[in-house]
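Listed after this line are the structures, all set down as structure tokens.
After this come two complexes, each holding chain A, first together with chain B and then together with chain C.
Let's look at the complex of A and B:
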């Protein structure tokens, strides 16, 4: 259950314009140690496609996507 | 009691704010009820957008700076010093020259720092145009570059001026064409996510232009390490790429000051994106690149955010409820070659519409760069 995921880091990209939520996430992933759980909050529906695609390409793990009233939380765990 | 407003950082954000505050609070400053102190760790302000033109010999680094004293009114108490610590409980900053200064309202406008050393091999193996020395070294390198593979790689995320990497790529293409060298040079542009730019509309606009101009586009490309001897880039996604000349947008860092003061975990000040008030302390604001807000690290953002904070502080000083709010307004000119440009404007949550590049927009960008010092002085 998503409620049980407690992120180590939260990235609030709600309302993000340029350069966008995925770039915010990558910035955090670059600095994070392996095993860090990052919650990306985004109000951009495109992120639901963009983020999983990048996470897979980069070899990290998408733990869950949780829909809230006006944003989504994507939980990503870094593997390296 | 004089109410003291301390601004740390005399870049675009800090000087526009000092000007706006003295305008709004003129009577209070004249009567000695309010004092505006601006602290910068040097006499001069550096105008970074000029660095984009330095590699092409179109501007000189010496043209890109001015004494801060000339950009702000006499009424501002300008101090050349470095703030080493912020104590938000005691409402005091500690200065490198010794001693401290208490504040009633504090605004952090400390900008972003380049940290190329965070990517192994980048300092030895790459060039950039994000600082004066880097831009000059790249000019020397480009002047001699006649054939091979130029890779423009967006390495640091976030970075200043999201348009600059696209601009550099289109400019270097045009510059090499005009010098009859383009046939012997391959150009590749790499970007971290699955399209050419964070903003969908810029990505959609530039992708066909890259194709037309024979610029290779590599996406999902996050450089992890540079091998300066073999001249190879290695990415987080497990890719490799050889280069002859690497122009890397370096990693950026916020400030230790911010981290140590507990104002933001990774050196960018956590703020409310509309009020620009710090989330973890009272009477502290952040503007410009130092603020962790969901838009570009751009001079225009620093400028408009300074206007909002000036209005909020002025209301506060007068015992009114501050209502001014920042909507994320961002304006970026985008050079599309050596003599044409376009521009975009947007705010939080909105996508810009792209305009056809033209010569007049290019002249406007150059004109803006020339008149920038009027902006810093709060005149336009």
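Let's look at the complex of A and C:
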């Protein structure tokens, strides 16, 4: 499934620790129109768990989490 | 739930960082946050302290953050400045501590929305959950 996701925006937060990646994502989400697919790249394992919590709480949708060699891609679709 | 009023009374880097992280994410998620920096918590915001990096540190987590030199974990000042652009975050300096220390607001890094006394803080905190750090 992940192969078919082509993000509208990619946020490279690799190298940043919690809560940097989440802050990067929130900044993009606030500027994005509904239906925008954002790929958040993070090498922080804490963010891998924390970001989905925020996405759910904020009412957006986590499409997929893809593990790469040294980072993760979290695909988020904005709903509002 | 109408937000958090956080009393930051400790200047320990670990606590100041934790307040900035939690407050920032809450505010960026549209939860109003007011931080009242008092006692040594305010001292951590002195320009001289921030520029020298000579923070009070309680233990290994604080030293690890200092050694990361802001590359991985942004310093609380940077974190708060950024969060203020993302959501309802206000930071206030304690008037009493400024008086005792002989400081003006210009002696602190530029993240403050104003100077408050205890009554002013309590009024702002009246509809919020208070966290004391």
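Going forward, the second predicted complex is superposed on the first by the 77 of 80 C-alpha atoms of A that agree within 3 Å, B and C clash if a C-alpha of one lies under 4 Å from a C-alpha of the other, contacts with A are read in each partner's own complex, and residues count from 1 in each chain.
In this section, a contact is a pair of C-beta atoms (placed from the backbone, for glycine too) under 8 Å apart; a residue touches a chain by one contact, two chains touch by 3 or more.
Keep in mind it's a predicted model, so treat the numbers as computed, not measured.
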Discussion item. Per the contact definition in the header, classify A:58: touching chain B only (first), chain C only (second), both, or neither.
Written reply: both
Worksheet item: Now for A:30: first (chain B), second (chain C), both, or neither, which partner does it touch?
Response: both
Fill in: Contacts of A:77 with chain B and chain C, given as first, second, both or neither
neither
Worksheet item: Just chain B (first), just chain C (second), both, or neither: which does A:46 touch?
Response: first
Worksheet item: So, does A:16 touch the first partner chain B, the second partner chain C, both, or neither?
Response: both
Practice prompt. In the three-chain superposition, say which chain, chain B or chain C, touches more residues of chain A.
Written response: B
Worksheet item: Which parts of chain A are touched by chain B and by chain C alike?
Response: 15-20, 22-23, 26-27, 30, 54, 57-58
Practice prompt. Show which residues of chain A lie in contact with chain C when the two form their complex.
Written response: 15-20, 22-23, 26-27, 30, 54, 57-58
Practice prompt. Show which residues of chain A lie in contact with chain B when the two form their complex.
Written response: 9, 12-24, 26-27, 29-31, 43, 46, 50, 53-54, 57-59, 80
Discussion item. Going by the contact rule set out above, which residues of chain B touch chain A in the complex?
Written reply: 157-158, 162, 192-194, 197-200, 202, 220, 222, 236-238, 251, 265-266, 273, 294-296, 328, 330, 346-351
Fill in: chain A-facing residues of chain C, complex
21, 24-25, 28-29, 68, 71-74, 79, 82-83, 86
